[in-house]
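Per-chain residue numbering starts at 1, and chain names A, B, C and D are given in the order in which the chains are listed.
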Amino acid sequence: MKLHEVYSKRIFGEHGIPIPSGDLARTAPEAEKIAKKIGFPVVIKSQVLVGGRGKAGGIRVAKNAAEAKQHAQDILDLTIKGLPVRMVLVDKAADIKTEIYLGITNDRAARKPVMMASAAGGVDIEEVARKTPEKIIKCHIDPLMGLKSYQSRDLAAGIDLPREHWAAFGKIAFGLWEAYQDSDATLAEINPLVITGGGELLAVDGKMVLDDNALFRHLDLEELRDLDVDQEAEIRARENGLSFIKLGGDIGCMVNGAGLAMTTMDIIKLFGGEPANFLDIGGGASADKVAAALEIILSDPNVKAVLFNIFGGITRCDLVARGILDALEEVKTDVPMVVRLVGTNASEGQQLLKDANMETADTLAEAAQKAVAAAKGN
Amino acid sequence: MKLHEVYSKRIFGEHGIPIPSGDLARTAPEAEKIAKKIGFPVVIKSQVLVGGRGKAGGIRVAKNAAEAKQHAQDILDLTIKGLPVRMVLVDKAADIKTEIYLGITNDRAARKPVMMASAAGGVDIEEVARKTPEKIIKCHIDPLMGLKSYQSRDLAAGIDLPREHWAAFGKIAFGLWEAYQDSDATLAEINPLVITGGGELLAVDGKMVLDDNALFRHLDLEELRDLDVDQEAEIRARENGLSFIKLGGDIGCMVNGAGLAMTTMDIIKLFGGEPANFLDIGGGASADKVAAALEIILSDPNVKAVLFNIFGGITRCDLVARGILDALEEVKTDVPMVVRLVGTNASEGQQLLKDANMETADTLAEAAQKAVAAAKGN
Amino acid sequence: MSILVNKNTRLLVQGITGQEGIFHTEKMVEYGTRVVAGVTPGKGGEWVLNGKIPVFDSVKIAKNATGANTSVIFVPARFAADAMFEAADAGMELIICITEGVPVADMMRVRNFLDQKGVRLVGPNCPGLLTPGEAKAGIIPGNIAIPGSIGVVSRSGTLTYEVLYALKNLGLGVSTCVGIGGDPVNGTNFIDTLEMFQEDPDTEKIVLIGEIGGTDEEQAAEYISKYVTKPVASFIAGRTAPPGKRMGHAGAIVQGGTGLAEDKIRALEDAGVKVADHPEQIPELL
Amino acid sequence: MSILVNKNTRLLVQGITGQEGIFHTEKMVEYGTRVVAGVTPGKGGEWVLNGKIPVFDSVKIAKNATGANTSVIFVPARFAADAMFEAADAGMELIICITEGVPVADMMRVRNFLDQKGVRLVGPNCPGLLTPGEAKAGIIPGNIAIPGSIGVVSRSGTLTYEVLYALKNLGLGVSTCVGIGGDPVNGTNFIDTLEMFQEDPDTEKIVLIGEIGGTDEEQAAEYISKYVTKPVASFIAGRTAPPGKRMGHAGAIVQGGTGLAEDKIRALEDAGVKVADHPEQIPELL
C-alpha cells in the first residue's frame, strides 16, 4: 500500500527527520489559510499516488496569498494520469542548495533491508540506478541488529557528503530506518533530501510503501489508504479477501492461486482469447467469497464468457461449486460459463455443477478452448 | 544500581504490567491521604534497599485511616539494617490467592538474559533455587530476537499455571522483558506475582537492578538512586569516578585496577596487616582524581598508613605522582605513606616522589611489608 | 527414495485445531503420513481425529512426548513467525509453513534465526511436500500424484497440482513434489531443491515450475547448467501478466526489465531446459 | 612464535585521535608494532604522530587503503559496541577492545554478532595483547616483559603487569601475554587462550591470573586437567574481598557460595596447577 507524500513525511517527522512545516488542504481557501500561517514562499503539491506530478503541473510555488489560493485551485482541478487531485500539501518552500537521495527497500536476494544513498538526488533514482549505478551507495541492514552508526557514516562518506552534515545525516538515516521498520514498510525514501542555504538537512519529498501483509499491525496507517488508485472492482475484491486486477479482454477468470490464475490467462491467450481479469480467490474460499468474486467478474460489461479453474488444495471444490450456484441464483446472467474443478472433493463439486446443467471441462487446455469458443459465441 | 520497589513497579506499570494502585509518602499524613484516596485495606511498605523488610516490621496492613497514619509513622521511624526509612509506599492491598515468581537476569555463561518462573513465589527465591532447583523453570532469551510468545507459554506450562491465566501471564512476561531491556537492567523481578481472588494477575512486589555502565542512557533513572545505601565516602568516590569500598582495617590503599587493588588487600593481609579500603583509581587517572582519592582515604580516622600501588598501563605514573603531591599539599597529614610506582613513565613519577622525600618501594611484597610496619608504628 | 519427507517422517502439526489445520491433518493421516502430534497453545491434553492424535501446548512438549522431527504450520499469518521460531528452537529438523500472508519483515527475522540454527524451512505461502505413496506434509492433494522418478519443484501452489495431475494422467510418477512458495523471503529455494534432486538416486528427471518476478528462475538456470545432469522440464507462469501489477503473490511483480517471463524462459532454455507453453505439455517434454 | 599478534600484524587503532588513543598509539609504534592506520569518524584525511599514521573516517576505508587486519579500540564506552560491530563488519580478523564500562546488554549483542561472523574479540575492559619483542596491541607497558617461552593469560589489568614485571626481574621471558578482561560478557576466555598456548610450539609454560567472581577459573581448571600438558602456574586475586561487594570489575562480585577465591584455587590445584600466595611468587612456581 502506497502512502501519500504528506503521510510519509509525517511518519518521517515522528522519527526525528526534519521536514518542512506544512499542512494538508482539500480546498483552495484552506490552502491559502495554511500558506498565510506558515509564511511565503510556499510549495503547493498535489497528493496523488503517481509519478510525474511536477511535469503535470501538480507542484507550484506561491509567493503570496493570492497565488497560493489560485495555484491550489488550479491543482485541485487537475486529474493526473487518470487520478483526480483531491488534496494538496502546502509546504514552506525550502532554500535548496544541494539535493541528495536516501532510501530503504528490501533486497530479496540478500534477505535484508538495504539502505541506499546518492549525491544525485531530486531526480528519478531508478534512472540513476540504471545509467550510473556507481552513483548509488548501498548498505545492507541486519534485520536483527538494525542500522549501525558506522553504516550511516559509510553512506555519508560514500556520497562525499561534507563532514559538517554527517551528524544530521546520521540522525536522518536512523529515523528513516526506524520509520521503515516500525511501519513494516517495503520502501521508504526521501528524494530529495536537501541541504538548505542555511546548512540544514530537510526531507522535502517522501514516499513510503507498506507491506500489505503487515497492515494488521498498523490499522491506523491502513486508514490512510487512497482508494482512488484502485478501481471500484478491485476495492470490492479486497473487501472480500480476493485478489483482482482488471485487464482488457472478454473472458472472465476465477482461479484459485496466483500462479494458476496467471497460467489461466496465459493459456486463454495461447488459444486465441483475451482474459478480462486476473482473479485469485485464494485458499480456503467460502461460498460467499466465490459468490462475491463472480459478481465482481460479471460487473465488467466486456465479459462474454467466464472460466472457472479451481484446483483444490486448501480450497475444497464442493464449497466452490456451492458458491458458484449460490452466486448464480443472486446474479442472474446469460454469460456462458465453463467450469473446471480438480482436486480435493472435486467429484462432489463437479456432480453439483452437472446437476445444475453447467458446462465442465477436465483439462486446462480443454477448459480454455471451450471458454474462448464461448466468448466468440460458438 | 538498585531501584526501590516503587520505582521498579512504576517501570513495570509503564510496560503494561498490572500493579496495585498506590503512591509514595514521606510523612504519615501523606500516607493517610493516599490510603483514603485508594481505599482500604492498604499495605504500607518501607522503601529501603535491603531484604527482610517484613520481618523488621517494615510492611504493615492498615484497615482504616487511623491505622494507616499510625503504621506509616511507625515505619518511617524505623531504621532497617542500618538504613533509615525515608519513604513508604502505600498500595491497595491485593486479595492474594496464589503467589508466583517471575524474573530476568543475565546468564554470564550463556551470554544471554534468562527468564525464570516458579510456582513457589512470595518467598526467598534464592532459597528455592538452592533447595529445589527443579521448581524454577528457566528460559534463555536471544538478545537480538527478544522474548518469544512460545517461551512465555513454555514458562507458564512449566509452572503449571492454569490455562485461563496464560494470556495475562504472557503480557506480563513481555512487559518484564521490555522493562528489563529498555532500562538496561541486570535484574528485574516480580515476587510475588499474585493471582487474586478475582482471577487477575498483579505484580505486588518488584525489584530492578540497573547496569551502572549503561546509566548514561538512563539519566532519568539515575536520579532515583538511593544514596542511603552508600556511605558518604563511597558517594564522593563515585562523584570523582573512583571505585571505593570501606573495609575494617587500618592500612589505606590506593591502587589502579580492580584486580591489583584486591591483590594489594590480599598481600597486606598475607603480611599481617588489615586493609582499610578497596580503592581503584581506574585508568587514565588525573592528578585531581588522585587527590580526591587520597582525601577519601584519609577521611577514615582508622587509617594509620597509606599504601599507593600504581602499576602504569593507561595510568601514567608521573601524573599519579603529581596527584599525590598536589593532594598532600591540600590535605596536610602525618599519616605515613609508602608509594610503589611501576610501568609507564614510572621513573619520572618515582623521581618526583623521591624529590619530595617520600618512602618508595620496588616490589609489591616490599611495599606491603613497609606499609604494615608503618601502620604498627614501626 | 525421495527427499525431505518419507514414511519415516514423524510429523507434527502446528495449529492442528484450526479449521484448515484439522482438515488437512485428516487428509495427511488418510494418506498414510505419520502425524504423531499436534500443537495448539492452550489446548494441550486434548485429542483430535477421534482420539488418534494428541494435542500439546508447545512444540517442545510435543517433541519430548512423541519424537516428532518435522513440523507443518497452519497457524494464522500474524502468529506464523512465532510458530517457526518455536519449531526451530524446539529442534525440529524440517519446518514447512503453509500459511500465506506472513509479513516480509517477520520472514527476514525468521530466516536469520533459522540460518543460525541450521534448520531447513519450506515456505511460507506454499503447498508443502508430497512424496507419493509415503507421506505428505502440507496441502497437496494426495490423489493427484503417483510414486515415480520425477522430482517436481514449484514456486506456485495450485499450478503445481496441474502439473502433478497432468503427469499422473499419463502414468508418470513423482519421487517428491516440493512447493517452495512464492514469497519474496522464504526458506528452501529452487537451487536447494535441485541439489537434493540431483543427489537423490531415485529421482531421474526434474520439473521446475516458476513464475514472473524476482530472479530465482535465472539463478536456477545458472545452477542447472553447472551442476544438474538430470533432464529438466519447466513452465513459467505469467507471460501475459501486465508489467507493474501485483498478481496475488508478493513475488509476482514485474518491475522494469527484470522478472519478466521471457527472460526466465530464455535463461532456462539456454541452460538446456525444455520450457512448456502450458503446464499440461510438461509430460511430453520429459 | 606467539599467539594472536606478532610482527606481521597490521594494526588499526579505532579512536586514534582521542587522548588515550594517541598516547598508546605512540607507545605501540615505539615498541615496533606495525600500526598502519587510525580511525576517527569525521577526521579522515588527517595524519597523526608527525605524519606517520593516516586517519580514516571508517574501518572499511582504512582497511581498503592499508590492509589492516587487526583493530584495537580506544573509543568511549558508549561508542564501543558500534566500533566493534564496525570492525567485524569491515573484516578485521581480530578485535581488541580496551574500553572499560561497556554496558553488558551491548556486549551480549556484540558477542552474538561476532560469533555469527566468526571474528575473534579480546576484551572489552582489558589491557590487550603483548608479544614481547614483536608487537603490542593495547596498553601493556612494553618495557616490563622480555621475549621468552611463558604464555600469560589474565582477567585482570594491572595485576598482569605485576606478573610480567616479576617474571622479567628474574630473567624469564614471555611468548605472548593476553589480557582477556574481567567483564561478565566478553570475547576470548581462559579456555580459548589455553588452547592456543597449548598448540603454540614456542610456549613452554603458562601463567593464568584470575580473580573472584564467575566460574571461569573453575572451567579453565577442568580444561587444563583434560587438555593442557604444559605446566601452569596461577594467582587468584580477591581472597580477602568481603562477599557481596562489587570490587571494581563487573565480574568481581562474590555471590553466595560461588565465585569465591578458595573454590577457584582448590579447582586449579586439583587440576595440577601451582597457585601462588602473591603474584611475585609466580616465577618461583614455574
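Everything that follows uses one rule, which is that a contact is a pair of C-beta atoms (placed from the backbone, for glycine too) under 8 Å apart; a residue touches a chain by one contact, two chains touch by 3 or more.
Predicted model only: the values in this text are computed from it and were never measured.
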| item | value |
| --- | --- |
| Far-end chain from subunit D, centres as C-alpha averages | A |
| Winner on C-beta contact pairs when B-D is weighed against B-C | B-D |
| Where subunit A and subunit C are represented by their mean Cα positions, the distance between them in whole Å | 28 |
| Averaged-CA centre spacing for the pair subunit B and subunit A, given as whole angstrom | 54 |
| For subunit C, residues contacting two or more additional chains | 109, 113 |
| In subunit A, residues with contacts to at least two other chains | 142, 144-145 |
| Chain contact graph, described as a line, ring, star, complete graph or other shape | other |
| Full enumeration of touching chain pairs | A-B, A-C, A-D, B-C, B-D |
| Subunit C contact footprint on subunit B (complex, rising order) | 142, 145, 148-150, 153-154, 157, 163, 166 |
| Residues of subunit A touching subunit C in the complex | 106, 108-109, 111-113, 126, 130, 142-144, 181, 184, 186, 211, 213-214, 216-217, 243, 245, 247, 255-263, 265-267, 269-270, 275, 278, 280, 282-284, 311-314, 316, 342-344, 363-365 |
| List of subunit D residues in touch with subunit B within their complex | 19-20, 23-24, 27, 77-78, 98, 100-109, 111-113, 127, 139-141, 144, 154-162, 165-166, 182, 184-185, 209, 211-212, 214-215, 235, 237-242, 245-252, 256, 277-280 |
| Subunit A-facing residues of subunit D, complex | 41-42, 44, 57-61, 79, 82-83, 85-86, 89, 109, 113 |
| Subunit A residues touching subunit B - in the complex, by the definition given at the top | 144-145 |
